[in-house]
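Common to both upcoming complexes is chain A, partnered first by chain B, then by chain C.
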Partner chain A sequence: MSIDVTGVTKTFGDFVALDNVNVSLPTGQLTALLGPSGGGKSTLLRIIAGLDTADTGTVSIEGVNATKLPPQKRNVGFVFQHYAVFKHMTVAKNVAFGLEIRKRPKDEVAARVDELLKLVHLSQFSHRLPSQLSGGQRQRMALARALAVEPTVLLLDEPFGALDAKVRKELREWLRRLHDEVAVTTVFVTHDQEEALEVADEIVVINEGRVEQVGSPDQLYDEPANDFVMGFLGEVTNLGPMTLRPHDIEVSTAPLLAGAVEGTVSRVVRIGFEVRLSVLTVDGQEVMVVLTRTHSRSLGLVEATTVWLTPATGAVVIPSMRPALVG
Partner chain B sequence: MTSAILGPPADTVGEPSTGRAPRRRRSARPRNTLTPGAGLGLGIAMIWFSLLVLIPLIAIIVTAGEGGWDAYFQVLRSDQTWAAVTLTVSQAAIVTVINIVVGTIIAWVLVRDQFVGKSLLNIIIDVPFALPTIVAGLVLLSLYGPESPLGLEWANTERAVMLALAFVTLPFIVRTVQPVLEELDADVEEAAASLGATRGTIVRRIILPSLTPAIAAGAALSFARAISEYGSLVLLSGNLPFRTEVVSVRVLTFIENGNTQSAAALASVMLAVALVVIVGLDIAQRRVANRG
Partner chain C sequence: MVKVSTPVRWLLRVIAVGYVFFLVAWPVSLVAIRTFEDGTEDFFGIFTDPNTVGALQLTLMVALWAVAINLVFGVTISLLLVRYEFPGKRVLSALIDLPLSVSPVVVGLALLLVFSGRTGWFGPSIEEAGWQVIYDSPGMIMATCFVALPLVIREVVPVLTEIGDDQEQAARSLGANGRQTFLRITLPSIKWAVIYGVVLSLARSLGEFGAVKVVSGNITGRTQTATLIVEAKYQNFEQTTAYSVAFLLAFISIACLIVVAFLRPQHEEA
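Up next is the complex of A and B:
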């Protein structure tokens, strides 16, 4: 295991940011720390990097106990949400910083900077100042700067959080390819479940200072440990005593299956190829259903249509934990 | 000079993959793009500046030149005047260097450290600046004059001049550096630390270059104020010719003797000194800030 976090607790005054967190992150993988804002995931990342210290517990990196080591000695690369560029230095100087303070020979530094700028597609910008770059370019520069010192682990704190949606999508695909290329153990923090599902080999779901579940994207999506994980990784709705995904509900206009729940369509919203239905069941429960435009049209669904709902075969279903909504 | 302490240019947001800067288009429009409102603003600024600064300055230069070059150099050739000029410029330079170091340290302490009485110190910093200068002189006289409680009888020496100048120029660098230091992002220093930089390296290569424009701006203000100081040092320095007489005292003497032309000549020299120093500091600041 590349990073072992054992029994880490961190409080800020009365606020418990991390509550006895134990997690092991494997070598060479791309791991996402996923969770809502204020859930403690950034704090965990900063403790791994040594930028914050844990109240109790230990952190070891590549088998070395790093709990008491300052950030300078941990050999981690850290990428910040707001880039943290050295404004007064050119792009090349930014990337060279870590190597220069290690007193590497000049030609070696220049060669490495060249190679890294090529890797992040910024070769033609090497003499620009960071203020002349776009947000996405700055973050790629920050990534090259962190990689320059050949860190044992690369930590990214909401790396694409400050970018607009399109650039964010491009950059996360690019990060995945980059990781496959350089294969350094990488941990990134995100609150965007789509980003985590798309990019990560493994996801650690963190909520209210605790680890809720650790697993591959498929495991988390298909076998959520609890309704928080299920709810955080995608939309959920309640059908009778069950929690399941809105697209896992079968709709029919006749009571074909035993146990089908009868209801009336109260609202139809069409977004591109998908149609979202709100169905008010005879028990007074509001169920959300998602189906394709074609499917909806073939069933002739409009408001006030009477429908029967059943969980689709193979759907992920867990018992609902919100009794208020049942019955 | 003030433009140097303004923030960084606004972020340019664009596509990450096609990062070419937008090509500048040269349109057929005239270069003057002032709207009526902006034109009014510029007009008011220019009239005010001219009435207050430009016209009086030109008047001084004209007066200084009235007697021709001979009379001009006659004033400067006087040993007493030359002594006053060297004393003023050298003491102002020493005080500015002291301020660069001490002022930056005070600003640092005020921004980065937490201690009892911090907000009080933050207010007191401005006192030397807010105090009427002659009162400042009295304050210094009571502490460093004859029968000094500290045993430092510096009255009527060069040190008195330095002390008075240091007293009145103390706030300049503190007040220019402080806001810039407050605006520095903590994550930039954290990034440098995680790249292996020690605290000393971070201060030297990351923090100081960011502060340089502010330090230079404060130093220019401090120097300009120092070479023109009068009130705070007349009491303490004793205005002894060749020893503690500064330029402003010399100028006053010329005027009191009805020698306006000499006063103007000397004033024009100090004007040139101030210009050279302000421009020099600006150039130095650009060099340091770009060095990284």
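Up next is the complex of A and C:
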């Protein structure tokens, strides 16, 4: 294991940011720390980097106990949400910073900077100042700067959080390809479940300072450990005593299966190819169902239609822990 | 912006310009006029009087020391105030503004109470150790430091706050230690604010009168600074010399202001 976090607790005044967190992050993989804002995931990343210190617990990186090491001795690369570029230095100087600190020979530094700028497609900008770059370019520069020191682990704190949706998506794919090329152990923090599902090999779901679940994207989506994980990775609704995804509910206009729940369609909303139904069951529960436009039309669903709902075969179903909520 | 009618606008302009003219421009220009009333001879004459030359040298020495000390402590205290949390931080911040509101004479008297060789709280013991503070340059440098203390800090603190500590953290994660981070990242970012603060401190230090007068003892030829000699000469009916030295002081201050005005646009860009 590349990074081992054992029993880490961190409080800010009365607020418990991390509550006895234990997690091991494997070598060479791209791991996402996923969770809602304020859930402690950035704090965990900063503790791994040494930018914050844990109240209790230990962090070891590649088998070395790093708990007491200052950030500059941990050999980690860190990429910040707001880039943290060195404003008074050119792009090339920014990338060279870590190497110059390490007193590497000049020609070696120049060669490495060249190579990295090529990797992040910024070669033609090497003499510009960061203020002349776009947000996406600045973040790629920051990534090159972090990679320059050949870190044991690369840590990214909401790296695409400050970028617009389109650039975000491009950089996300690019990060995945970059990771396949350089294969350094990478951990990134995100609150965007789509980003985590798309990019990561492994996802650690963190909420209210605790690790809720660790697993591959498929495991998390198909076998959520609890209703929080299930709810965070996609839409959920309650059907009788269970929680499941709205697109995993089968709708029929006749009571074909035993155990089907009877209800009336109370609202129909169409968004492109998708149709969202609110169904009020005879027990007074409001269930959300999503189906395709074609399917909905073939069933002839309109408001006030009486329908029977059953979980689809193979649906992910967990017992609902909360009282039946709306939606 | 609210529209103001033309006559009102003109009235406001006349009031503003008139106020500055009668309060600042006219009196200061009179000093220059008096200085050069009989040609440049009187002005350059001050450089032949050993007491005046000594006073100017002393002023420069005291000012440079005070600026150097305030530079080091100013930047350090600014970093402390912006980057660290500690009990008493707000008190420290308020204390730093004290020299702006307290009369320099009070500062001088306060220093006298602590360091005076005969009656001071601390003075006799350091005098025994061979250190003369009051009626000598250490006391004058201290007094000047005190009055110029907030100038560097008040310039640097807002800039440090604005740039945040992201860049410093990035430098740390890239392997830089505290000293390297300060020299390579923090200092270049606050460079213009520091220069601006230094220029202001220098102007303030050269012109300090009240505090220095109290602690220096105003001994002619030994602890008399340029501002003190202006007063002494004026009272001794050597008006021309007084005007000449006064003009020199005003000239240096204006030169400082021009330098500042020249630096300002770059300072705002950075």
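The definition used in the following text is that the second predicted complex is superposed on the first by the 323 of 327 C-alpha atoms of A that agree within 3 Å, B and C clash if a C-alpha of one lies under 4 Å from a C-alpha of the other, contacts with A are read in each partner's own complex, and residues count from 1 in each chain.
In the analysis below, contacts are C-beta pairs under 8 Å (C-beta built on N, C-alpha and C of every residue); 3 or more make two chains touch, one makes a residue touch a chain.
Note that the structure is a prediction, hence the values are computed from the model and not measured.
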Fit or clash - chain C, chain B, common chain A: clash
Touched partner set for A:Phe86, first chain B, second chain C, both or neither: both
Touched partner set for A:Phe125, first chain B, second chain C, both or neither: first
First, second, both or neither for A:Val149, with chain B first and chain C second: both
Greater residue coverage of chain A in the superposed arrangement, chain B or chain C: B
Chain B versus chain C as contact partner of A:Arg168, first or second or both or neither: neither
Touched partner set for A:Arg112, first chain B, second chain C, both or neither: neither
Chain B versus chain C as contact partner of A:Val76, first or second or both or neither: both
First (chain B), second (chain C), both or neither touched by A:Lys10: neither
Touching both chain C and chain B, counted on chain A across the two superposed complexes: 49-51, 70-72, 74-78, 80, 82, 84-88, 97-98, 101-102, 142, 145-146, 148-149
List of chain A residues in touch with chain C within their complex: 49-51, 70-72, 74-78, 80, 82-88, 97-98, 101-102, 142, 145-146, 148-149
Interface residues, chain B side, partner chain A - complex: 8-9, 11-17, 19, 21, 185, 187-188, 190-198, 201, 205-206, 209-210, 289-290, 292
Touching residues (chain side chain A, partner chain B) in the complex: 49-51, 70-72, 74-78, 80, 82, 84-90, 93, 97-98, 101-102, 121-122, 124-125, 131-137, 140, 142, 145-146, 148-149, 164, 167, 170-171
Of chain C, residues touching chain A in the complex: 163, 166-167, 169-177, 180, 184-185, 188-189, 270
